[in-house]
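Handing you a structure now.
Each chain gets a letter, A, B and C, in the order it is written, and its residues are counted from 1.
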């Protein structure tokens, strides 16, 4: 079971709680069993380069504090990439704003953690735009100016056309039309925009 | 040093190469030292829930394949299924790159849809390497680093050796031509890879 | 239904094997069928009994014609027919009174090319299976996907990657419309047609983009419609208005009155 926990904790995109572990693992396992496995893991990794630690109501692998400088150096050379789930969430917000969390979840087909939204907010890429006028008055999310700056976009309309779904070689015979059309669009968009 | 490596490998988004490790660690360490530490780590994690594996010319922590079902449950996703035709196309590209669509079709005996190539491209497994210098200047396809990462390959040469298999069956009068062609292919593979 | 029950065996010395009925969509192309026929009857690939194989191959194709044809078959029907004619051509070449010679004056078996092609194909089929058995990311193995923080490490800022963002969005769209996508692909919707549909609908007055796209089924139709709108816009047949960022987009006929 210790090994199962290791695998789950590594793959998870947020700290994983005892409750979640119980749900995923065999239900016959008692909380006490799981808890003692967690303690064992914590001890095992205590002396290693990666630690198995309890944070924010769950468990996570983290680099050992002793190697902080080293990790910092790695990240200076290459900034970390966004996780896939963060990218998906950000993409939905960018293309479909203003949008509520429930709507994001419906599109992604999986739940979106508060931590993920907080991370994107902390990163300065998304913000609250207000509340939607439906029961429960959920928050509406949208992207920020910082998002445009960091992704080198002049305006939201510069986001790559999601209808580029038709892949370049799929439409050889349409290619000319498409590219002219796209150019026309961008010009039109700009001029429409300039008039505001 | 083993622990420093653990920390770096966990922190890195991508498999991290021996060279990168050397750059980050103390420069006085010899490659041989690092290599033996890597081997030790690989052995240490072999029997655990997370493995320390060599992929795409670097090192990475991954969940052990034995726990795949469990992690899928965590992510609430069904395992992606690859169609046989997609796999065949991918295998042909992997072994015969750089290769044109017409050449793939000749080997498979069936037309290869643009949609299929687009899907493989979207998954990040294949890419355009340029154009072949023949009439029509068709696109040349090859596999990517992502392909190595996703299929747990350290390098293209880790693919089961096909040239041997082919030579066994091929008729004697073709043998010379075939082996020259295969050698050329493998050289191409290597050089293509070096450029990545 | 047994596809092979009525095969006329032209070569009396060929032992008849009862082949289990097969359906075309179990196969991945004509080479796949031929290999199946050869391997399941334990025939020598360098000495293929062409008359028998050709007949069996045609029988398999024939069993499909009455059925509700699969889309995938229609797309590749040509490939299957090409193979049928290749087989028949080989058969006739074998019947020539004088064997074909190469430059060195050796007899050439017209079937050797086919045999080589089949072997190469079989090889790749095996390699594809081998590939499928490898630990595949997101199926068999997973890596971490959050930054592993440590107490003393300042959280690094993630890098912005526009391509990755677009790819992520495409994948979501694909995930959502994956089911519809397949059906739509068989009938290619022409952009011209879609352009007149759009104009037709705008004749009754302005429409919002969402309204226009709402009842467009499937990804292909959606994309075609969007392309049609762009083309109409480029030709200045319609006017496209957007009040503010991210608000509704309105489409109007550009007939001079509006």
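Remarks
We take it that a contact is a pair of C-beta atoms (placed from the backbone, for glycine too) under 8 Å apart; a residue touches a chain by one contact, two chains touch by 3 or more.
In this text the structure is predicted, and so the values were computed from the model without any measurement.
Looking at subunit A and subunit C, the chains that touch each of them are B.
Put simply, the chain farthest from subunit A by mean CA position is C.
The centroid of the Cα atoms in subunit A and the matching centroid in subunit C are 32 Å apart.
Subunit A and subunit B have Cα centroids separated by 26 Å.
Separating the CA-averaged centres of subunit B and subunit C is a span of 24 Å.
Across the assembly, subunit A contributes 7, 10-12, 50, 61-64, 67, 71, 75, 78, 80-81 as residues in contact with two or more other chains.
Among all residues of subunit C, those that touch two or more other chains are 142-144, 147-148, 150, 170-171, 174. The touching residues of subunit C, when paired with subunit B in their complex, are 28-32, 75-76, 78-79, 83, 112, 116-117, 119-121, 123-132, 134-144, 147-148, 150, 167, 170-171, 174, 185. For subunit A in complex with subunit C, the touching residues are 7, 10-14, 50-51, 60-65, 67-68, 71-72, 75, 78-88, 90-92, 94-95, 97-98, 107-109, 123, 142, 150-153, 155-156, 159-160, 162-166, 174, 177-178, 180-182, 184-185, 188, 192, 196. On the subunit C side of its complex with subunit A, the touching residues are 142-154, 156-166, 168-176, 191, 219, 222-223, 226-227, 230-231, 233-234, 240-242, 244-246.
Against subunit B, in their complex, subunit A makes its touches with residues 2-8, 10-12, 16, 24-25, 48-50, 61-64, 66-67, 70-71, 73-75, 77-78, 80-81, 110, 167, 169-170.
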